[in-house]
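Order as written gives the chain letters A, B, C and D; numbering starts at 1 within each chain.
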Amino acid sequence: MTLVAFWTFAAVAIASAVLCITRRSPVASALWLVNTLFSLAAIYVLLDAPFIAAIQVLVYAGAIMVLFLFVIMLLNLGRTAPGDIKGPWGRAVAVAAGLVLVFELVALWLAAPPGELELPAGTVAGTVAARGAVQAVARPLFQGYLVPFEVTSVLLLAAIVGAVVLAKRRL
Amino acid sequence: MLLGPSLAVSAILFTLGVVGVLLRRNAIVIFMCIELMLNAVNLTFIALSQQLGLDGQVFVFFVMTVAAAEAAVGLAIVIAVYRHKDTVNLQRINLLRG
Amino acid sequence: MTDLLASIGYARWALSALLLIPLAGALLVWAAPVQAAKRIAFAVTLVEFVVSVGLWWAYDPAGPVMQVGGWLPWIPAWGIAYRVGIDGISLFMVLLTTFLMPLAVLGSWSGITRREKAYYALMLVLTTGMIGVFVALDLFLFYVFWEVMLIPMYFIIGVWGGQGRLYASIKFFIYTFLGSLLMLVAILVLYFSAGRAAGGVYSFAYDHILRYASLPVSAQFWLFGAFFLAFAIKVPMVPFHTWLPDAHVEAPTAGSVILAGILLKMGTYGFLRFAVPLFPRVAMSPAVSTTVITLAVVGIIYGALVAMVQPDFKKLIAYSSVSHLGFVVLGIWAMTVQSTQGALLVMINHGISTGALFFLVGMIYERRHSRLVADFGGLARVMPMFAAVLTLVSLSSIGLPGTNGFVGEFLVLLGTFRTHPVAAGIAATGVIFAACYLLWALQRVIYYALDKEPNRKLPDLTRREWGVLVPLVVVILWLGLAPGAVLRRMEPSARHFVAMVENRVPRMAGLTPEPGPPPAPASPAAGGAAAGGRAR
Amino acid sequence: MTPLAGGIADWVGLAIALPFAGFLVNGLLAFVAPRRRALVGAVGVGSVVAAFLVGVAVFLALLAAHPAEPYVVTLWSWIPAGRLQVDAALQVDQLSVVMLLAVTGVSSLIHVFSLGYMGDDPGYARYFAYLNLFVAFMLVLVLGASFPVLFIGWEGVGLCSYLLIGFWFEEREKADAGLKAFLVNRIGDAGFLIAMFLIFKHLGSLDFQAVFAGAPTALAPGGATVTAIALFLFMGCVGKSAQIPLYVWLPDAMAGPTPVSALIHAATMVTAGVYLVARANVLFAMAPVASAVVAGVGALTALFAATIGLKQWDIKKVLAYSTVSQLGYMFVGVGVGAYAAGIFHLVTHAFFKALLFLGAGSVIHMMHRAYHHTGRHADAQDMRNMGGLAAYMPWTARAMWVATLAIAGIPPLSGFFSKDEILGAAFARGAAQPFYYVVWAFGLAAAFLTAIYMTRLMLYTFHGPNRTGEAERAHLGEAPGVMTWPVVTLAALALVGGALNLPHVGTLEHWLDPVTEASAAFLPALAPAPGVEIALMAAAALIGIGGIWLAFRALHPETLLPPERAPRETGFARLLLEKYRVDEAYRAVIVRPLVWVARNLLWRGLDAGVIDTAGVNGSAAVARGLGWLGSRLQSGQVTSYLVIFVLGAIAVLAALLHPSLSAVYHLWAR
């Protein structure tokens, strides 16, 4: 059952990704990407990460992609722009690079099986069940990773300032 | 378990992101392809966190934060560039020329 | 004098003081107002000279090889220490430095008008660097000083130089730096080799490396090559000399003086101290020795011939340096006591005479803003004193007997003739060409009719310029007529140098098929190597 | 202890110190008070006369003691370097004292003459400074007790010669003549240096005493080493004493003031080479081949220069070539082993040639003054502008006739005896080696030519009608006494100088015995048969008289035209006038190519071209080129960056995965 669900969502994600990179219209691309992100969120649930799945939907599919669409609309790029997709040479390079990369990733996948640090099956699921989806992530986040977490806020602040400075016509 | 399939899917998605980057000239689309790659990596993290502990999920959390920041700044740059050049086609933009 | 020096413990602090005074002076110049900069710098260099004069007595020719030492740990983990000391070779290099520096500062008084504080501060830092090179007895320390001295010179040429100063300074820097980097690699190889051979006692001390470094001859060949390249560029030997004319032409007067007077000597000093003693079997192998001697002789003739056709007086003197330094290299490789002493003397003489020539050219440049020989003529009419001094200095440079130039070249050639008669014979023709280029130029500058309008009103030497020239003239005559005191102080070190090489080169020792034991340092490797000295 | 110790000989250094002090004082005066002529003159002349007195005192002391060994006065240690120990030491012996007297004596007279000759020159003080310096260096040369000390004087006199030839440096040719003299001399000096190196290598010392004492045992007589030493020494002499092929500087050296020509380029400096050979007589006697070269070069030079002297119009040029020719004679003398004869001729030549130059100086001085008065620009040295001057300058004319007869070898004047002795010695050597008959014949021919050209000079200058010009004639007259008296004094010396070494009395020869005896062992006996000797003397005298007679017969001063109207010479006469075009040949074959090679091949070609352009800037250009290629990659196209970036990432991944990749490949291949 889980497997079926996984492959279903996986198929949707991959198909959407393919459409995302091949659609001429940026708006279409964005929407197909949103579709991929949703599918991934579903896969996250299957992988015992419900909190991340929720964040994925909220932040990624919700906030970030809306930002993209917003910019596309703002710049009035909805129409198909000529020359967005590269010519035959570009395509050949892209496909070749993709094939090589797949080959390499497959090699990686085959060659490096997970090590001995494996937790017994269901441990993470158990933790999530015991502590609740949020607390399961919050505990390491606010204990072990407190400092990085706080630093992240600085990063976000910098991003906000940067975005404002860059995007505003005149300060 | 789902680890192997997840990694395979992650690899395919990542490759698609790369192909997208190579294929497109529109800055925003290339951006989206990068997001796609980030998500592929996130999937790897999540899949492995099942085996290695919750740290992976924390990392995904961070990746999303960075992605958000990056998207904000990156799109701001796209807007700024568009104002100068009236295009987001990267082949017409060579501000970085040495 | 000796007692007085002993009573104030001179030998213990002298060298360190010589290294520290200019640095302190540089800070002082930095802190003081601009108007006082040159006076402070002059005072500091004078103090430096006065302090250094004591070395003349403190150095005992009959004593151990290395004297007047100093030792402080620096990076003990790597066997790096502040080890300094002098022998009869470095004694005179230090004295030459401290003697020329006040004159260089004095000679810059009117020529330098921009950024005076920085200029004089750099001059003082340069002093420390140069003295450090001559007194360092730790290869790492030596390398540090070697680089320290490079940087102020780079700025002096690059900031206060003439039209093409950027090209010249970068050429100077890259040329020199190329060689010194290879030398650094060679130093490290020696360091590890010596450390392994000494049973894990790793040290950069000169004695330690001299004693323990043992590498197959093929490896020594490459290391020697690295050292040789670094020093040959500095000397400069043909064909690594092309940085010199550019650097000299563009450098301010004092920069040229220091460059010719002292910096070039570091190359030959390096041969004497490092390249030859560390790898005697390579340096004295027939192939290498023939090559070097050929290059030296070629340099003598080539430098002279090219100097002959230079339209620019400074460039002419620069090429004459190539010729003069050829004599030094020839003297070193001839490996006789006379030629080594002669080489040392030529090093001093060249510093004095060529330094004086650069001062003199600088003086007319300040008046006339031209260095082209063709722009002058008949100066003896308007500047008779200048003409007289220029004539005397030129004669010293071409080695007229009775001036310093003769004694040095004579000894070099005399000593060289004993081992390499053909080379000495060809080099002897260098004295003809020397007269050609210098007197011909002299002729065109001070003789002939005074037919160029701007030259008619040139004022003769000022009191400050006399102050610069008189010490040089005195030394020219002193070394020409009575160099005995100097030669006697050099002789033990020259003898030691020759003996050290001959003992370690089977071909030259003749009797011992295997290289004899290297001279054993009396003191432990990591300890006060400088103060100890080796048994002779 | 030698009997000289503790006496005046210990103070022989004063003879050098006094003129040197004169140089310092006059040098200072030249800057601070150039107008104090009286003081300058007093210092200049006084110091040299004082040196002469020192010389006389030392001579008297030596005369009294007549030691067999030279007396060496060590002043200080000059170059102590291992086995080489050169002292600043002076040597008093028979030879050096002869030279000391000749140099200081002739110098004194010439200094006095200069008081008048240079009287109104603005460079008066500078002139006397140089002249004093010259005397000091010349005395270092003759008194030095070792080769290097001699070499100080050797190059020092060259320096003074350079300074004095170019004394009027504002005229380009004069300054260039000085430089030429110095450079040509340096060529010889390089040979001298090599000779010193050879001596030190084989004998381990450079002191005269040690070298000459050690040479007979340490070196094989006639061997390659001693021959090389002698030949290289002779190379130095060839330069300094203006022999073929390095004689070219001496005629040009006449650009200097005439007293300088008299002192330096006739009487003293140019004879230094003869002195050196005589000093090193042991070495030359041990090397017969080298000695033959010396004699051969001397004979050739004597004849060659004499032919050029035949056709010169410049009065000083005639005397210059005459000097070259006479120097050749001296080398014949020392070359055949008649060292005393060579020195004898050196001394007599100093008398009569100094006289000739000073007389010529008087003539030029007066000619110049005459032209100066009328403001005409004519050559005051061209004999075609002279003529009939005997009427105006009787004392000068008489004195110069004495010198002319002396140089022509008319008995019983000094030149006859000294020349005859040289020719006799050459003839005597011919019995064993016929080569020396050739030398003798050359010498005889040269003597004949000498008589001709000297008579020609006298005829054209002092006899016949005057060609100076109508207006100028009124200003001609005898030179002032301060110039005439030295000339007359020298005439007296030239007249009786032969008494120094009369045949069979041989005063000078015996005097020099201690110096030359070491070489006697290596030389054959030189005494010719008495009958032959008389015949030779007669032949020499007849040759001289014949030359004079021929000149009187063939030359007609009354038909001579001033230079501007003179017809151009043709054929051989022109070749002689143009001095065989040797200068031009040297310039075309040596000087020009050397400068061309230096400028175009070495400097612009090798230095600026190959090393700098190809090597240094070439490597910089390669670096720049690589940078340019890199900057081409930096196109500014983000998309291409992305491609490169991705390809790079893939490559890095491939490198990391290298083993796994091959595993996968094998998996598929299976």
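By our rule, a residue touches a chain if its C-beta (ideal position, glycine included) is under 8 Å from a C-beta of that chain, and two chains touch if they have at least 3 such contacts.
Note that the structure is predicted; figures quoted are calculated from it, not measured.
Peer 1: For which chain is the distance between its Cα centroid and the global protein Cα centroid smallest?
Peer 2: Centre-most chain by C-alpha means: C.
Peer 1: Please tell me whether C-D or A-D has the greater number of C-beta pairs in contact.
Peer 2: C-D
Peer 1: In whole angstrom, what separates the CA-based centres of chain C and chain D?
Peer 2: Comparing mean C-alpha positions, chain D is 37 Å from chain C.
Peer 1: If you average the CA atoms of chain A and of chain D, how far apart do the two points sit, in angstrom?
Peer 2: That pair's centroid distance is 100 Å.
Peer 1: Starting from the mean Cα coordinates of chain A and chain C, work out the distance between those two points in Å.
Peer 2: Between these chains, centre-to-centre, one finds 68 Å.
Peer 1: Would you mind pulling out the distance in Å between where the CA atoms of chain B average out and where those of chain C do?
Peer 2: Spacing between the chain centres: roughly 63 Å.
Peer 1: What positions in chain D touch 2 or more of the other chains?
Peer 2: 639, 643, 646
Peer 1: Specify, in ascending order, the residues of chain C that touch 2 or more different other chains.
Peer 2: If we look for residues of chain C contacting two or more partner chains, we find none.
Peer 1: Any chance you could list the residues of chain A touching two or more other chains?
Peer 2: 86, 93, 97, 101, 106, 108
Peer 1: Which residues, counting only chain A, touch chain D once they are in their complex?
Peer 2: Contacts found on chain A: 86, 93, 97, 100-101, 103-104, 106-108, 110-112.
Peer 1: Mind listing the chain D positions that touch chain C in their complex?
Peer 2: 27, 30-31, 76-84, 88, 148, 151-152, 154-156, 159, 162, 166, 169-172, 175-176, 179, 182-183, 186-187, 189-190, 193-194, 196-198, 200-201, 594-595, 597-599, 602-603, 607, 611-612, 615-616
Peer 1: So in the complex, which bits of chain D are touching chain A?
Peer 2: Interface residues on chain D, with respect to chain A: 639, 643, 646-647, 650, 653-654, 657, 659-661, 663-664, 667.
Peer 1: Which residues of chain A touch chain B in their complex?
Peer 2: It is residues 2-3, 6-7, 10, 13-14, 17-18, 20-22, 26, 29-30, 33, 36-37, 40, 43-44, 46-49, 51-52, 55-56, 59-60, 63-64, 67-68, 71-72, 74-75, 77, 81, 83-86, 90-91, 93-95, 97-98, 101-102, 105-106, 108-109, 114, 117-119, 121, 124-125, 127, 136-137, 139-141, 144-145, 148-149, 152, 155-156, 158-160, 162-167, 169 of chain A that touch chain B.
Peer 1: Could you pull out which chain B residues touch chain A in their complex?
Peer 2: By the definition above, chain B touches chain A via 1-9, 11-20, 22-26, 28-29, 31-33, 35-36, 39, 42-43, 46-55, 57-58, 60-62, 64-73, 75-80, 82-83, 88-89, 91.
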